[in-house]
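Multiple structures follow.
Both complexes below contain subunit A, partnered by subunit B and then by subunit C.
Coming up: the complex of A and B.
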């Protein structure tokens, strides 16, 4: 899957991670997550307004399991192997999965990229 | 109660209040009766009896107020999807009903004189009673999702659910070492799987599994279907979201109508007609259809990936477009895709062109059709209700399993 859908974000990503020094900011990551989710979910993702840190994947976005898989693939393609979304979710209890928010995924991506 | 003849056995089916989990037991029980055995069902009263054959014995496992609870929970479930739906099903439906049914199932064993329990995978009380009394009990896996470990990627969730099922056993007097050793969803004696290895793929559970294929024979169907509306010269697609979801699919029906509009196929929607107000000329909308008969007249099926509809479609050799909604449906959908017999789309956010492409694919792709044909053959070879009945009789006669 990685490499199949070249995007501007993917072209930029290696620079951001390869230099190591320029870890993406939370705002960068949230914007990138919004782009990925729009791609995965479709344009009506943002009908109810922009994503916020409090936007929930289960209650608000109602992400389907096939969309979670696509999100994990795109995070991997964008940020590289250190952003192991599937492995991260494997450490969660059910209530944590139900309560998962955009802000938590942003924090996870930022800390995973920083290493 | 007089003892039954030496070779006749009493089989008690323990079922949850879900139509799709009761239906497959009916042809299995009919076969057992034809072979001279006795059968009865126990479960939540008011949710089972109307699905059984006339004259069937039903022993209520719970007092009337539990029927109200089950109905209320079913209504609340229909609003939930994803992980929240999973939590609700486990914590508000399966575990409380399992707890509430134990005493009634135990009494039913005595009242009926059960020699073998046939326990639906979601009727946990039957497994508790079987283990507590040391009776031979079989798991009846009416959906195959739990056989492939859908929680494999979420080990903490799987462990938490296992603990809850251990606690249920401890609460009903099963010794800790016995409760810890087993899994209420997987009998150590016999697991009847109403599918085949060709569809389900590698199993994640260690159990004495008998694949019997779907148990779909002999369901009476009323037939007021306007067969003359089906043009035999044009490919036909059946679109069904199952008995529980037709109302919830308002958006899906609109999208499906647009997907079909102007195409060179015709479609039968099993939907409330008011949800498809502007149906294209090539779409026939019916609230009810004689599904088994119709499956022999169509070329492909669009389904919510309920296990029974999927198996009935594949038994007829039909490839599927799968739009799973909740519960086991995403897992079942993925099984069909892995087996090469279907294409998966999203349910809530599917677009007309996405669905149109998927339908066109299943109507034209020979590999998908060939895979559906292979699964159909494996179903036919698995033996269905007769194979299930003979495995159950062998269990009751001490011929298979035993404890391990």
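Coming up: the complex of A and C.
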């Protein structure tokens, strides 16, 4: 499929998230999400295994809703200037927010930063 | 998480302000005029600001400045041992409005017990309230204080039968067991039950002068309050949603969201016309 899907190739390109100079890769965003989760709920939650794209915040991680608010807070602090979180959240219904997975958040941040 | 010092406590707050441009309905109508301030008040004990955060806060934040906070004792706000009466919670709200610099009248959204505080502010400081949007509103009628205190006391001793059954089935569930433990501690460690027991029936509903929109579920255990609200508040717009319980906000969040957006569009139109 070379040439057909330029986006994944771009995502693998070297990035500089610390300076915000380039779009973060999926791995960068997932690592940041893992750091935030550990900060919000403690690392005992992650003992079951590494985060995958399928990990859901509610069913798998058993995040309390107020912890999800804290997570959103930190995501906003990290990526808020580049990413329209309010518009994204506004477009989802309650069951969609409850059903959110790590992969969906990562995809949203990566695609929003890439514009 | 952002906190604001008000009335001697540290309140967990969220101020959400979206961009008009990201609204799918963005048009001349939605981008006209200033962004009205909205403040949302949540329900008792197992509730916190997240129920608004998950449902109405973001859609409304596309055209309004939305302010959420955890009531005293709830969520990530301080939990003092005393001071859970309605008057004191109205003091909290006034102190927060001051801290946020909201001098103009605000649009209050109240869910369940949050409506008690919203209505009480509209009575005590009508000049600070532009409108009320109430979901499953509680307010003190004859016998209300005893009933509330009684059901919370029951909860303190292990919750009612159905709920505890459900929680036992979910005993491996981190989230539910933590919520239950925290609710138990809240009721045991504070004067919440005693304070609510001392609330007196209110007689001032007919004096509420701002626009009021109320929604109740047809299966709600407090449906009798819907009629009292409609008959006593002049011009109150009431809607009973069929087949829905007291958990209207989460059971029918899409419908409540629609109604809330319509309500705020109307309030903005009125404000623009009057300006």
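Throughout what follows, the second predicted complex is superposed on the first by the 86 of 115 C-alpha atoms of A that agree within 3 Å, B and C clash if a C-alpha of one lies under 4 Å from a C-alpha of the other, contacts with A are read in each partner's own complex, and residues count from 1 in each chain.
One rule holds in what follows: contacts are C-beta pairs under 8 Å (C-beta built on N, C-alpha and C of every residue); 3 or more make two chains touch, one makes a residue touch a chain.
Predicted model only: the values in this text are computed from it and were never measured.
In the superposition on chain A, contact is made by A:89 with both subunit B and subunit C. Residue contacts after overlaying the shared chain place A:63 against subunit B and subunit C alike. Look at A:73: by the touch rule set out above, it reaches subunit C but stays clear of subunit B.
When both complexes are overlaid on chain A, the residue A:97 reaches subunit B and subunit C alike. When the shared chain is aligned, subunit B comes close enough to touch A:42, but subunit C does not. Note: residues 58, 62-66, 86, 89-91, 93-94, 97-98 of subunit A belong to the subunit B contact set and to the subunit C contact set alike, using the contact criterion stated above.
Note for the complex: subunit C touches subunit A at residues 1-2, 14, 16-19, 22-24, 48-51, 53-55, 58-59, 61-62, 70, 75-76, 173-175, 178-179, 250, 253-254.
Against subunit B, in their complex, subunit A makes its touches with residues 41-42, 44, 58-59, 62-67, 86, 89-95, 97-98.
Contact residues of subunit B toward subunit A in the complex are 81-84, 86-87, 153-157, 160, 324, 330, 344, 346-349, 351. Those residues of subunit A whose C-beta lies close enough to touch subunit C in the complex are 58, 62-66, 68-70, 72-73, 84, 86-87, 89-91, 93-94, 97-98.
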